[in-house]
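Structure in structure tokens, see below.
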Amino acid sequence: MKINLKECMENVRTNTPLVHNITNYVTVNDCANILLACGASPIMSDDINDVEDITSICSGLNINIGTLNGNTIPSMFAAGKKANELSHPVLLDPVGAGASNIRTKTSLDLLNQVQFTAIRGNISEIKVLASGSGNTRGVDADISDTVTKDNIKSVIEFAKEFARKTNSIIAITGATDIITDGEKAVCVYNGDAAMSKITGTGCQLSAMMTAYICANPENIFDACCTAVIAMGVCGEIAKKRMTEQDGNSSYRNYIIDAIYNLDSETLERWARYEIC
Amino acid sequence: MKINLKECMENVRTNTPLVHNITNYVTVNDCANILLACGASPIMSDDINDVEDITSICSGLNINIGTLNGNTIPSMFAAGKKANELSHPVLLDPVGAGASNIRTKTSLDLLNQVQFTAIRGNISEIKVLASGSGNTRGVDADISDTVTKDNIKSVIEFAKEFARKTNSIIAITGATDIITDGEKAVCVYNGDAAMSKITGTGCQLSAMMTAYICANPENIFDACCTAVIAMGVCGEIAKKRMTEQDGNSSYRNYIIDAIYNLDSETLERWARYEIC
Amino acid sequence: MKINLKECMENVRTNTPLVHNITNYVTVNDCANILLACGASPIMSDDINDVEDITSICSGLNINIGTLNGNTIPSMFAAGKKANELSHPVLLDPVGAGASNIRTKTSLDLLNQVQFTAIRGNISEIKVLASGSGNTRGVDADISDTVTKDNIKSVIEFAKEFARKTNSIIAITGATDIITDGEKAVCVYNGDAAMSKITGTGCQLSAMMTAYICANPENIFDACCTAVIAMGVCGEIAKKRMTEQDGNSSYRNYIIDAIYNLDSETLERWARYEIC
């Protein structure tokens, strides 16, 4: 199997999907800029009286629960249900699920009341969703939950099962990224460890995955894989650009810049993935 | 007519106006940094129990309705009325007016209850305000609402009429920017198309326009034109600085940097505008 | 007396403390990135139903009252009390105390109900806390409150007294930074005037101080001094890196980058402080 990288990527630039984001205030600016960088258009809205109108004029919805609060939680449900009604794709990024009761409960309730097209998180967050409870160390993957050579097969099986149960594409991202629709599974080896030293690379990927899904309605699995690969490839391109004085702040800018300048030939050449 | 670019720009650096911003959480950091870059000082406050005190110690108020919500909407009215009471200039940036009922209604209600010194938006947003209803595609100008050579004269007439009706300076920004006080109108040709690939260049301009108005109370029309020209010129300067690897994230930084380093000679040399 | 710069700095990288931040939406992204840059891990959470759980899994809490609101104020108290219960360090950054009644009142009430390990602000903000009322010009130090050669001795005495009264380490930052635990006092001369042209260098320092305290529980005074010195040193390193075209936006990135790349030898070589 080959992923249709070129087509998936170029469709975003051609279709310029408008993506509705209900997202945290920490990384929201980077999410907006990476959406613009990849060829999409962002709109942020999280008020209960605003979200249904906004999601109606968009192509898809990205729900990120970081910095959730009593006002934005009802908006997530209202927007998610509206997007479902309109058959718009909806993505869930369960930031910090397992780190607090309200984050876990909100994620699980969203799963029950909204049909998600895709769910992206680290292994700990996805495990929390799958098990219906759990513990994560803030927004980072729990150490005991790291994906390694030894446990990758069982993680893939776990992800496939969760994908079938939720009828969603599951993307577990980390040193190795796993994307599955419940039948097929792809492992992505792109990326750089330093990406974890930037706040919000996960949030940015979730926003970009939503745009890719919107622009590729006939091929959403390939779209998700392409977004994950593009983020990893650009993490590598940006890393190569770094000088001795550059740190995580410049790296953040360089990754968004690399997404902006990415062409499909480079994407195909740098992509490292396999069916797994 | 020549715009007093040099004086308007230097007055901001000399007077260092403190600007109160009620603004969206997407681009708020860039708004703060561009205010500092141009010589002003920012303060952000949007709580109903905070805004009247804060606006009282400031020179002016910038109301930007992006990511408005049930808590911040009443704050916009309270701060706007307080600023009016104190004869402080107030600017409105009706982000996404037309994209949702609550954004349209809030903009129109603000127009009715607060006297704005200036209103800055894209053509779609301004049309929504003028017509009292409408439709915009998120935060971008509606395609059918693009300002072209063919319709620019009617757009100018429309803007002049709206300026007279609201007794505000109207700035319609896009590929060509139009600024009018209802009598005079100026067309600005500075800027670069890539600016639309950065989130919040409009928001940044609104913040900066507020600072320019604060620092030039005797000449607010020239102040508005100067802010618009400065933003466009710096968009061009920053564009020239870009390398092959730079994208929209670096471009964002370079524009703010260019505002920081802008001198009045450069501004005058690069300015491209005409009375229209 | 010599401050244990090397040990304090390296302990952050070794211990990677998870820091809970209740902070403003203006500079929150920079706070997250500087925490990652210095070796810590950030989590942001400000909802009343989220903060107690989140602070429980963290090593310490940073409360920054910029853009405080009716929802986040109760969260500051709940999280602060929970952190006290758990004997976690808690830092207060009273942004804009004195600029509005609600900011002053919230700061003073927090002081009464939460035991702070450290308090960091500019001279105006700290004076407001100490006097129980006052006036500050937005988020900048009141001109009449500038620390000068002539008044530095009385400022140090004032800070020591406030430190004893609150049983907190007090850090008054500005051109010269003063850190005291009520007995010892250190003056830091590092930094660059251009840092005041970036939004949020103070907020970033507060976040970083919290991380340093978390990682050095046996030596929190040295930890606070080291964080202040590190920020100043990196402000100088970043300044040297600036080209003619760089302004405050690139400078912001360069400071975070410098924190990311800082090694203890450089820190020790560049540090300029004295017991005072």
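Residue numbering begins at 1 within each chain, and the chains themselves are lettered A, B and C in the order written.
One rule holds for everything that comes next: a contact is a pair of C-beta atoms (placed from the backbone, for glycine too) under 8 Å apart; a residue touches a chain by one contact, two chains touch by 3 or more.
None of these values were measured; they are calculated from a predicted model.
Homomeric contact chain B/chain C: same residue numbering on both sides for under half of the interface positions. Here the C-alpha atoms of chain A line up with those of chain C after a rotation of 120°, rounded in steps of 5.
Centre-to-centre, using mean CA coordinates, chain B is 33 Å away from chain C.
In chain B, the residues that touch at least two other chains are 25, 29, 71, 252-253.
By the touch criterion given at the top, residues 18, 25, 28-29, 32-33, 36-37, 41-50, 53-54, 57-58, 71, 241, 252-261 of chain C touch chain A in their complex.
Chain C contributes residues 24-27, 29-30, 66-71, 96, 99-103, 137-140, 197-200, 244-250, 252-253 to its touches with chain B in the complex.
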